[in-house]
Amino acid sequence: MHVYFAPQTILYDGTQLSSLWAYRSFGLLGDSIVAFRGPCRVQFEHMVDLEDVRAQSPIYGDDMLHFIVEHFDHDLERAVLRQRLLAAIIREILEQKGYGLQRSGDDLYYQDRKLSISIATTTPVSTMIHTALNITAKNTPVPAAGLVELGWSVAQIPKLAGEIGRAYADEMQSVQRSRCKVRGVG
Amino acid sequence: MHVYFAPQTILYDGTQLSSLWAYRSFGLLGDSIVAFRGPCRVQFEHMVDLEDVRAQSPIYGDDMLHFIVEHFDHDLERAVLRQRLLAAIIREILEQKGYGLQRSGDDLYYQDRKLSISIATTTPVSTMIHTALNITAKNTPVPAAGLVELGWSVAQIPKLAGEIGRAYADEMQSVQRSRCKVRGVG
Amino acid sequence: MHVYFAPQTILYDGTQLSSLWAYRSFGLLGDSIVAFRGPCRVQFEHMVDLEDVRAQSPIYGDDMLHFIVEHFDHDLERAVLRQRLLAAIIREILEQKGYGLQRSGDDLYYQDRKLSISIATTTPVSTMIHTALNITAKNTPVPAAGLVELGWSVAQIPKLAGEIGRAYADEMQSVQRSRCKVRGVG
Amino acid sequence: MHVYFAPQTILYDGTQLSSLWAYRSFGLLGDSIVAFRGPCRVQFEHMVDLEDVRAQSPIYGDDMLHFIVEHFDHDLERAVLRQRLLAAIIREILEQKGYGLQRSGDDLYYQDRKLSISIATTTPVSTMIHTALNITAKNTPVPAAGLVELGWSVAQIPKLAGEIGRAYADEMQSVQRSRCKVRGVG
Amino acid sequence: MHVYFAPQTILYDGTQLSSLWAYRSFGLLGDSIVAFRGPCRVQFEHMVDLEDVRAQSPIYGDDMLHFIVEHFDHDLERAVLRQRLLAAIIREILEQKGYGLQRSGDDLYYQDRKLSISIATTTPVSTMIHTALNITAKNTPVPAAGLVELGWSVAQIPKLAGEIGRAYADEMQSVQRSRCKVRGVG
Amino acid sequence: MHVYFAPQTILYDGTQLSSLWAYRSFGLLGDSIVAFRGPCRVQFEHMVDLEDVRAQSPIYGDDMLHFIVEHFDHDLERAVLRQRLLAAIIREILEQKGYGLQRSGDDLYYQDRKLSISIATTTPVSTMIHTALNITAKNTPVPAAGLVELGWSVAQIPKLAGEIGRAYADEMQSVQRSRCKVRGVG
């Protein structure tokens, strides 16, 4: 699958979570994980998580590292499982700096402050994940932690994005290998 | 899903990895994660991982904590994704004792020594996972680490098994919740 | 799955047949069967059954008992099978009053007069069923029968709705049990 | 789908519940419902319902009307839904003689005595249902009712079998029609 | 499946590629292949192939033989496989006149000039294919060949359409037969 | 996907049609098309096509070019569609020598004599295809044609095998590209 860091700043407003965004934007055909940096402002009409809509929980942040993942199958449960695995991978990578994080489902926390937002959903032709990490914790709707506080400088963000993207792609390739080397049982 | 620790010692010989084992053995109907303690001796004819068969890598251990997971759907890729998530969950729980572990796909390592074995496969009516952790590293085919070395006494094994089982069941329930609260996108 | 009777009168205009309606309206997360009482007026642009659209058959009724069912899988054939089973369950319950009914697919008749309307369809994240029973046969587009005529007073409607909802939910649970207790064959 | 009554007496011993039985036995290619008359003796090793195996409940009867259904898809939940619908159809047809029956999932009862046995399972290439009705209640493991008691003479069995088979095939065709006439919703 | 040639001229503008078009237009319920003759003008907002949108490749032609195929399953990969098979079938039929054609995926060429356009996609309830053959090569965006040049007179178009439609329907029926006559292997 | 020509002569006796044969034999992990040359002798107990078993049609040939294809998904209809596409691809390649062939489903004929045998089936973890072409028409159960007669020398067989294998792999890759570049429609 494609691993790509878009160098430009992009405002995440929810419209990026639509099928073939990576192909339309960057010509990436097939499964992909695309990262970029930018603020986050999602209007209620673009929210996909109806729990947030019901709770009228706004989604925003001034400076985040975003990941948009697309897989060309049509199984929402697989998508949620991959979303959780992506959260676990991010935790494993971030902890290399020595800060302990908590994962609860698709959410990551540092000292009970929220580091990430995430959603997985389906399109007519694929499934998609949006996961974003606060770079700074400024201007967030809930008590938050940011990557800077966890020891990552702003200059390191592209490198971190690449590391996470490659680890996710490696995990997916390894899932395929595991799927293809077993016989069935009775 | 059912979470169960079988109190008796059971030799894992590969025959436990067959459909409805939890129902036939313990009356547990439906999705389940069952843990037990026991040695591990898998003959080549019962091996499911053909990479091991090809490499003629024997699978054994004197004292392991085993998990047998069964889900009543029929998607091997989901099963492998769940297997990876189970490995991530075990890592998260074991690290509470302060020892750093490495996860590589479905394998867990401590200081480059192997802590776990794992396989995911399909049955005619379900998918299944076997994951086992060395309790001691004695008599294993490769350099190994064990739970005792990581600070878990033998007396704590049932409690650890329960904690892992419940965390996995909670994760699966949370996956279902996430699957049921999103709308599709374009 | 959730079984719920909404106490307020709701006009069924077709917009209720959209994903997560039970969650958005009543906070019910996951599979559900929701009943309510109200008139029925479906404009052609909200009709889902293109046979009715082609035939320009209007869908309306002054007073009906409605059921909205949602299952979070993605198999329209399963949805139609469940719709038929719901019709069979309703027939079994209504006949307890001693009136013989005919079921023809998803339709119920009393003495060749139509008692019910029903449709099953798919959303991006789930499948849904709408089934409604005439409470009175007044102001319907075809010769119709109503629950009052079959011995159910208006005051009994909530109790009847609950009985049907629970029977359907029990049937679905029993389907899951049956799915999880068999081995495959050759 | 094919509807066929095999005129010869056949002992049902469980081996009929295997893929392509109708094709191998009668040249019927594709989905089918085949009926025949015969005794029923299923050894534990051929039992598919592990609930019966666990309870050591024997399955036998001296004279039964059997139905073997095969659908060439691979969805066990659909198969169980169809099995329930077949039970509902049989009930609807048998009640034409004026005897009230109870359906509980896949089981039919007359005055708390069991009229039927049934199982649905999967093969590597299809799903299958076996449903059988006691013709007489002699020599059954539990209190039972039989078709003769419900007003069907032995001479009428082939006609009854045909009526049930055709009603099931009509229902399946109607399910296909319903699946193909709806648009999706949001 | 239904095979139908619509006698009227129809402008293909992309709106025909939507679910139940054959049912809404001609009352054909279920799987179908419908052919018609007409010009082709697809605005970018109706284009389904995002490769064309990205390349800003217009899609038009003055006189084409169109095929609209709909199958009521929900597997886009199957749809693309069927699209390729349709291209292979068209090639086999056209070559009866003695002109050699090249097939490259879903495209047909005569002497490096493009004879066809094609796309396969998914709807909420089905999958669909549009394949069209130039009747004349006039006014096409790329160097093109047409059926007239390959020895088919305009008067023969309905007959050719019927031949292709029937061959495709026969192939699909034969696929079903092949799917229903094999046992599984280990 | 892997494309491989095994240089050794292998007797095809039906046991090659089992899951992970390419991995167990040649270490090829994942989707593959493997070709080899050898005689063909399939005992009735290893036959997968029950039409042949019913007709007691023996399957044998003295010298054939075999292809074993494995795809790690679980959809028998896709497998049959791919089998047909492989037949169409072989026809397209063989006709480059100027001999006209007929394709009828999965069978290829030259002047009404059979050139090929083929079957597609399912394993617990994958789907598989066996297609074989007579190299010579000697000792075949029905009137047959062989590759030698169609202008291919025995020395050219490995090159031909490679050409067919690569064309099939290219087609599958192209199918994936087509699957990943379209948006859904209404």
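To keep things simple, chains are lettered A, B, C, D, E and F as they appear, and every chain counts its residues starting from 1.
Here is the rule we go by: a contact is a pair of C-beta atoms (placed from the backbone, for glycine too) under 8 Å apart; a residue touches a chain by one contact, two chains touch by 3 or more.
This structure is a prediction, so every number in the text was calculated from the model and none was measured.
Touching chain B and chain E together: A, C, D, F.
Common neighbours of chain E and chain F under the contact rule above are A, D. Chain centres here are means of the Cα atoms, and by that rule the chain farthest away from chain E is B.
With angles rounded to a multiple of 5, the C-alpha fit of chain B against chain F returns 120 degrees of rotation.
The centroid of the Cα atoms in chain D and the matching centroid in chain F are 39 Å apart. Separation between the centroids of chain A and chain B, computed from CA atoms only, is 27 Å. For the pair chain A and chain F, the distance between C-alpha centroids works out to 42 Å.
Residue positions 19-20, 23, 50, 74, 76, 121-125, 179, 181-186 of chain B are each in touch with at least two other chains.
Chain contacts in this assembly follow no simple pattern; the graph is neither a line, a ring, a star nor complete. By the definition of touch given earlier, these chain pairs are in contact: A-B, A-C, A-E, A-F, B-C, B-D, B-F, C-D, C-E, D-E, D-F, E-F. Partner chain C is touched in their complex by these residues of chain E: 20, 23-24, 27, 74, 124-125, 183.
On the side of chain C, the complex with chain B involves touching residues 19-20, 23, 29-31, 72, 123-126, 176-177, 179-185.
Residue ranges on chain D touching chain C, taken from their complex, read 17-19, 48-51, 75-78, 80-85, 88, 91-92, 103, 105-106, 119-124, 128, 171, 174-175, 178-179, 181-186.
Those residues of chain D whose C-beta lies close enough to touch chain B in the complex are 50, 53-54, 74, 76, 121-124, 186.
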